[in-house]
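Listed after this line are the structures, all set down as structure tokens.
Two complexes follow with chain A in common, the first pairing it with chain B and the second with chain C.
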Partner chain A sequence: MLSNELKKWTKTISMALSRTMTYKLDFFLTLTLPPLVFVLVSYAIWAQIFDRHHLQSVGGFTRDEMLRYQCWTFIATLLARSHRSWNLSEDIRFGRITAFLLYPFSVWSAYTAEFIAFQVVQLFIVALTLSVMIGSGLVPAVSIDTLLAGVCVCLAVGFLWFTFEFVFGSIAFWIDESWILRLVFFFLTTTLSGGFIPIELFPQWLQVALQYTPFPLLTSIPVHIFMGTQRDTLLLILTQVIVWISVMALCAQCVWHRGLRQYTAAGM
Partner chain B sequence: MTRMRPYIGVMHQQMLNSVAKLISFRVSFVLLMMVEVTAICTAYLPVNFLFHHVEQLGPWNREQFMFFVFWNQCMFCCHNGLIAPNFWNLSTEIRTGALDFRLLRPLGSVFDVMTAINRPASLILLPVSVGLLIYYGIQINLSVTAWIMLPFTFCLAFLVMCLTELNIAFLSFWTKGGDSANFVRMQCQQVQRWPDFMYPARSRMMFTTVLPVLLSGSFGVGFLFDTSRIDLVGYMLVAVVVFCFLASFVWRLAIRRYESASS
Partner chain C sequence: MTSVTDSPSHPSQATIVCNQLCKNYTSSKKEPGLRGTLKAFVAPSSGDTRVLGYEPSKRPRDLRKRIALVMGQKSQLWWDIPAFDSFQLLRRYYEISDRDFKERVETLGSLLGVSSLFHVHLRKLSLGERMKMELMACLLHKPDIIFLDEPTIGLDVIAQKQIRDFFSNYQKTFGTTIILTSHYMADIDALCPRIVLVLGGRKRFDGPIREFERILGKEKFVSLVFSEPVDPSDPIWRELRPQWGPLNQSVELEIEEADLREVSIRILSHFPVVDYSTEKLPIERVLKTLLANPHLLPE
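And then the complex of A and B:
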């Protein structure tokens, strides 16, 4: 029974892997280029801010710390918030999930397997990028403990991101333009998760408010773990991530079941 | 004028259809408004936070920078309402083969492809961005000449932006998945959000010549701040001519390469 289930998972993961890697240029342009451009823009702008005005520090960050922060943002983004759930909303809209509903493998499992395949590819890209960054001196070499802690948190946050994406994708049961919600969330995340401007530079009231949201977990906290400047313990951070994953998984389940109840497949 | 009449008629009809669609699907309308509000807030907030920590960014103070932010915001509003949906539509039509029907119509194909869809909901918040642009323009004491030249410069800058993105969108003919060209385009908009002096010399050179995404924001605003810099308008005019020719050349090349998915 268990080996049968495992076989389904491995088969789906390997199929998703080959699908992901078939169109390499598309994969690069769609998933790797956006965070790369983001970090290049951020890096250039922060370097200019410090150099043009001969600033010693901004919000407690020295020039080197800020530039390292931007590099780690790239790594965290690749692992934690690169996955997209376009397929899910398209599958719902075009009635393709009907086939999934008949398979002996649930939709959630199929998409999770696809997500795992995606993360495997991202891990390779991160390993390569990190070697280049350390080799070129953009970021200093970090201890294995720090690196493992950072990668673990990023992967956990990646799963949290996946649950968010799953919820947004499932909204396609009701509206055609489910991409709008994803775009709004993307805008908010880019600004409020501490991607371009670290949360420490936000006004105090906003910093306090953000503590009660998942936004810092999406970029700021993983980056601080990589930089070795995180004040909270790893256990506390992972607990926070798990709590948010549970909340979002519950939401995903609720939205999915409600959506499925009113689903009428095209072509049926 | 006789040649233009059918095109104007088609555009008019498409606009009417878009408005009818907008009124019919209220949830979509509210959601699109939500996107625009979020876009305005997320454009304003980072710059505002930055100016809590620094007095100036390059030669610009907070008000000048905000003028630049809302100049871009106005441009993105028009772009999202009139042009952007067509770029996404183009890649979908290439993928599905629906482009065939456009190529067969008795209209200029590029015109048809680029005006097929309008999203007036995005234009509804344009007055907010324009209002803020005018507000910051008054704050920085923009000269009378600059105010007079503003609409012309805006149109020119918008044309540069659209033509640059059009050339990028044609990449969809070469990329198999379809949407990746749109992601390149969106990254260009990220670059455009910051003025040219914030980039190192080599990047600045690249983004003002090879891929002139900085022209529409930085050069347009740069000219309004100093109207004696007529060369900045000259660069934009040259970019319009060059990218017009390039777009027509790339389109012909792309059509020759296009293998319909439906045939």
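And then the complex of A and C:
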């Protein structure tokens, strides 16, 4: 029984890997270009801000620290916010989940297995990108401990983000076109997680409020781990991530089961 | 519309061939239809449904292992990989043994004539070839019930016939229950020996397809072509429900079987007929009439 389940998971993961790698160039560009462009623009803007106004620091960040922050944001984003369940809304809307509803393997399991496959590929891309960044001096070399801690937190946060998107994607059961909502959700979470500018630049009251949300976990905390400026222990951070994953997984189950009652398998 | 027939090889097992012709029951969010409900994922708006003894809306895993769905408009196989890779995945999902998998792939591949295409990427196959692969995928685990949703849509006439023949033979061999949804009357004629008509949520007809065809009376459908325009106001046409063609040079009539000989002779002797053909009233026309005039159905 367990062995059969394991075989279903491993086969789904290996299939997802082959499908992901079918269009290698397209896949690589889709994955890396948008965040790369974003990080280059941010890098250039912050460099200009510091140089033109001869600033020593902004929000406690020196020029070099701010530029490194942008580079590490790129790395953290690649691992922690993979958008693998971004398409769930479309799959629901166009009835593409129908087949999986009938297979003796749940939709959640299939999506999760595909997410794992995707993260495996992401790890290779991150390794490559990081080598280039360190080699070119964009970021200083970090210790193995720091790197492992950062990657470990990013992978856990990646799963948290996956459950986030799964819950949010499920609104397609109730709303036909949720693209704009998802886009708003993406920009909101990116902003509140410190993806655009560091959380330290936000007003004090907002910084305090964000401590009680999962948003800093999505970008700010992993970036600070990579930069060696994170004050909380790894254990505490991972505990927070696990708690939020449990909450979101529970939400995902509830929303999914309620949503299924609305599902009409449009287009059949 | 649902047709029910006993399977010759498994007399105790009912074979259901369900056909939906005009109304898309599942298109309404408020009213999930019979078809969707049976397909094991839509909760019924009222009442309950049983499929193989299971409550389908709860999607029990044992039930899911015993049913299959083929959608003509949606591919279930993965577009970017060869069909055989998809089969391998389905083999894991349905826990099919190595021996059974190999045997079924060989048998179905040769029956459908697609063995040489197993390792071609799905996106490179023609629509007909893809549909055959879809059929293979749905039959690998030997389901007890197969839901076919427009399996012949968009296919050329040869591929349509191949699919119909395949299912007809498959059902006869294995006694599998098939629920078919199709807008093509030829699908019904080929696959549905018995029909149940459901209108407005009520069963309005249940019987052999030949009886259904005669529900409007024992009438023949007669087509005539004339060498020149004829007068449509002539009293001879009055009782024959004529459907006139362009320039009144052709007409389609519905003539009582008993009166066919006499009426035909009268028409042939009075009008310049150059072509004459007769057939039973097409099922499409029967259905169209009944949907427009449900009061014609027996209560």
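The rule we apply is simple: the second predicted complex is superposed on the first by the 259 of 268 C-alpha atoms of A that agree within 3 Å, B and C clash if a C-alpha of one lies under 4 Å from a C-alpha of the other, contacts with A are read in each partner's own complex, and residues count from 1 in each chain.
As a convention for this text, contacts are C-beta pairs under 8 Å (C-beta built on N, C-alpha and C of every residue); 3 or more make two chains touch, one makes a residue touch a chain.
Nothing here was measured: the structure is a model prediction, and the numbers come from that model.
**Student:** Which holds for A:62: it touches chain B only (first), chain C only (second), both, or neither?
**Tutor:** In the superposition, A:62 touches no partner, neither chain B nor chain C.
**Student:** Let me test your reading of the model: by the given contact rule, A:183 touches which partner, first (chain B), second (chain C), both or neither?
**Tutor:** Touch status of A:183: first partner only.
**Student:** Between chain B and chain C, point out the one touching more chain A residues.
**Tutor:** Chain A has more residues touched by B than by the other partner.
**Student:** After the superposition on A, what does A:23 contact: first (chain B), second (chain C), both or neither?
**Tutor:** Both partners, chain B and chain C.
**Student:** Which of the two partners, first being chain B and second being chain C, lies in contact with A:213: first, second, both, or neither?
**Tutor:** neither
**Student:** Of the partners chain B and chain C, which touch A:104 in the superposed model: first, second, both, neither?
**Tutor:** second
**Student:** Mind working out whether A:197 is in touch with chain B, chain C, both or neither, as first, second, both or neither?
**Tutor:** A:197 contacts chain B only, not chain C.
**Student:** Considering only the contact definition stated at the top, list the common interface residues of chain A for chain B and chain C.
**Tutor:** Looking at chain A, the two contact sets intersect at 23.
**Student:** Quick one: in the complex, what on chain A touches chain B?
**Tutor:** Where chain A meets chain B, its residues are 23, 25-26, 28-30, 33-34, 37-38, 40-41, 44-45, 47-49, 52-53, 55, 58-59, 86, 174-177, 180-181, 183-184, 187-188, 190-191, 196-197, 201-203.
**Student:** Where on chain A does chain C make contact in their complex?
**Tutor:** 4, 7-8, 11-12, 15, 18-19, 22-23, 95-96, 98-99, 101-105, 260-268
**Student:** For a test of understanding, state which residues of chain B touch chain A in their complex under the given definition.
**Tutor:** That would be residues 27-28, 31-32, 34-35, 38-39, 41-42, 45-46, 49-50, 52-58, 175-181, 183-184, 186-187, 190-191, 193-194, 197-200, 203 of chain B.
**Student:** Quick check: in the complex, which residue numbers of chain C touch chain A?
**Tutor:** 26-29, 32, 35-36, 39-43, 59, 61, 64-65, 67-69, 71, 73-74, 76, 78, 80-81, 85-86, 88-90, 92-95, 149, 181
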